[in-house]
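In the two assemblies presented below, chain A is common to both, partnered first by chain B and then by chain C.
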Partner chain A sequence: MEPTLTFFSGFGINDFWFLGEAAMRTMWISILSITLGTLFGVLFGWILYEGKLTAALTVAPVLDVFRSVPLIIQLVLFYNFAPIVGLNLDAFASGVAILTIYAAALVANVARGGIEAVDRSMRRASRSLGMTYWQDLRYVVLPIGGRAVFPAWVGVALGVMKDSALVSVLGYVELLKASQILITRTQEPFLILSIAGAFYFALSFPISRYAASLEKRWAQ
Partner chain B sequence: MIEIRDLHKYFGALHVLKGIDLDVQKGEVLSIIGASGSGKSTLLYCINGLEPIQQGKVAVDETNVHAKSTDINKLRQKLGMVFQQWNSFPHLTALENVALAPRIVKGKPRAEARDIAVKQLTHVGLGDKLDVYPSALSGGQQQRLAIARALAMEPEYMLFDEATSALDPELVGEVLDTMRLLAEEGMTMICVTHEMGFARDVSDRVAFFHQGVMEEIGPPEQIFGQAKSEHTRKFLANVR
Partner chain C sequence: MFDYNFHWRPVMKSLPDLIDAAFLTLQVAVLAMIIGIIIGLCLALIRLHLKGPLYWFASSWVEVARNTPALFQLFFFGFGLGAFGLHLSPYLIVLAGLSFNCAGYLAENFRGGFQAIPDTQMRASRTLGMTAWQAYTRVVIPQVFRIVYHPVTNQMVWAVLMSSLGMLVGFRELSGETQFFASRTFRIFEYFAVTAVIYYVIVKLILGAARLLAARLFRY
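Moving on to the complex of A and B:
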């Protein structure tokens, strides 16, 4: 075999590690934004549930915007306009920021649904035992409502993980961007995209398996 | 003692309780009967502060339930309540259902909360179901679980809102037996009920509610034997 010193070199083991590393970045950006997005989303969901009129006039329309404008537009707008207002965020931070808000907007609806899933009379029962409003939320509404909407939340989380690919437009080298770089060099799109796809699968499959087993355990 | 004075309750424009005056003494068992929508459940909710009132006063052991200065969560520990829907916490075992409030509300250590739960579950005949989830219990068992859960707070009063109405007929008996047991032990009880047999046999007094008014109150012999009010007689004729 002659050494390949050409610009278009073949796919090698180093490239595989390059993709693996990028998959780690995809995982990292996803974990961060799903975690933060869930925390904010639960807070917003609670505001939507309790706030009624005030929420309908403030939080709800903002979340609607973030839910309905395509993520790629949000990312590009945010990345390019944030510096104007003095926010100098790199591609990673911009990606996390937008994905977090996006996830929060989706989780907010899920969380509100979770609170609504707990019967009024169940909440009266816990209050009648002397629980405070917050104890009722923590010990009754959270576990019962949380379980009711857990599958929906998993759907959001997996969706955000896949959508994190869009952060590639900002130049952040996550899984998709890494694949594009390798494809340009190796001209082997089929192989590389298959590997990238396998990585995405490897990231989400354990989550859905674990979620399924949790649901099964709760169902008993 | 529970004292209710000139209690008025509105839901928006709907006048649901129209000036209720009622005293319930320590140790007394009072049954409340009346047609659907007459305000029986609402009265119970007003007694433990789950519903605000618009006029009048409710006092439990001289504490005004609806005063801003009242620590309502503390007061509710005195007032156990059992609902028509069992409302057992589905994510907790029977034991955990009962131990939860003593632990988080009263701040009892885990082991002590557990002991209380075992004691109360045994009390209502569920001593062999400690580690079972509510989904594996029958309606009657879940309702007894709810009674044990309320008793675990060591209340001085128990409010029952149609505790047997949602049960299959063959499961009513076991819940009524548990309520009877509590009455015999001297618990002060207010029972909203459609079980006339229970009202007659167990109560010291029976109150008949009609369209937001306490139409008549007296010993069971009076209400079931020679009711003074036309409405009471009509209601009883229809339920029997």
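Moving on to the complex of A and C:
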């Protein structure tokens, strides 16, 4: 008898590695964009704090747009806009670019809150002790304000990690896209989605728990 | 470098359809918020007052909703439930996914709100002869409402933004409709640019309305 041809094959150990690799790609794109986004975000936050009126008229509305338009729309727009101005970016580069700006827009508010959390008299005191403006920022504002908003920053970072799932619309094979590819082949959506969900949960849950416990300890 | 011709005419022609779709977006977001608030309130009260299996159920709901991507949750309602022969329509997928997600996030907000009200308030009102129900609805809830008002409006904005994920499960709300038109005319950038503007306007309208309402509600 001739063996029947099957299109669908079961979920095997190789597929597990496939998902693991995809999880690594999710981590990689998240770490890259969170790092870059935090750097830009802190810079924007500082601009928002220092340049009151000018910043409110220039940087603030632009950052606001990135927070008021769905990320998926931003990704599709950017991916289709880049070739218009002659940039040839692949899905990964476009994803990183948009996730970075998105993260920066969210971090900017957190960073401004951090600077505002440092008492004015504290900063005056450090300046009277002969510190320069930058020393004051580095040795007084950063440790105190940074500690005050660290939990909020973790929330933003985890949010960006979860939102990196949307880069799959551009065709970048991260965790969720990989699970969709496997579902198409194995026809076992429940099992595979559960595994993908468990991966996300394993990435996100310990960090959010750790941040919550830090917040509790620092609050004392 | 700039040899792309923008064609806005097809977009303008389908603008009425996009506006209709925007109302669908708003409708699903508002419904999801109402369901989310009801379930979130239940989850928060369970986590505050109960122990045992119900507590674990509520906690896992909250943690899964907060630690996995919203898109994953939508896929789960879309494809994951399909494994059990339960096939929801795109509208129901988005509504269920959004409600699940909103309930998880709102539960944490509500829990924080309830914890912020000192126990003494409840005891004082009981001492004054109020029944438990009266004390709850006339003393505790109004104060919690004030605390959670801003987080809830933020969640409303997130619900609108998240509903854009409906595009990936075949729901023709604002994003899905845009993609439908864009793939028919290949004017992807123009369509999504207009959609981004519509989302921006919706978000600003919600925030503006929330501010007006807050000014009326919290006069004292």
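Basically, the second predicted complex is superposed on the first by the 203 of 220 C-alpha atoms of A that agree within 3 Å, B and C clash if a C-alpha of one lies under 4 Å from a C-alpha of the other, contacts with A are read in each partner's own complex, and residues count from 1 in each chain.
Just so we're on the same page, a residue touches a chain if its C-beta (ideal position, glycine included) is under 8 Å from a C-beta of that chain, and two chains touch if they have at least 3 such contacts.
Keep in mind it's a predicted model, so treat the numbers as computed, not measured.
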First (chain B), second (chain C), both or neither touched by A:218: first
Dominant toucher of chain A (residue count), chain B or chain C: C
Touched partner set for A:121, first chain B, second chain C, both or neither: first
Partner chain(s) touched by A:144 [first = chain B, second = chain C, both, neither]: first
Touching partner for A:57 - first (chain B), second (chain C), both, neither: neither
Touched partner set for A:166, first chain B, second chain C, both or neither: second
First, second, both or neither for A:129, with chain B first and chain C second: first
Set of chain A residues, in rising order, touched by both chain B and chain C: none
Parts of chain A lying in touch with chain C, wherever the complex brings them together: 65, 68-74, 76-77, 80-81, 84-86, 158, 162-163, 165-166, 168-169, 176, 179-180, 183, 188-191, 193-194, 196-197, 200-201, 204-205, 208
Of chain B, residues touching chain A in the complex: 45, 48, 50, 73-74, 76-77, 79-81, 83-85, 87, 89-91, 100-101, 104-106, 133, 135, 146, 149-150, 153
Chain A-facing residues of chain C, complex: 1-2, 4, 63-64, 66-72, 75-76, 79-84, 157, 161-162, 164-165, 167-168, 175, 188-189, 192-193, 195-196, 199-200, 203-204
Complex contact set, residues of chain A against chain B: 119, 121-122, 124-132, 135, 139-140, 143-144, 147, 218, 220
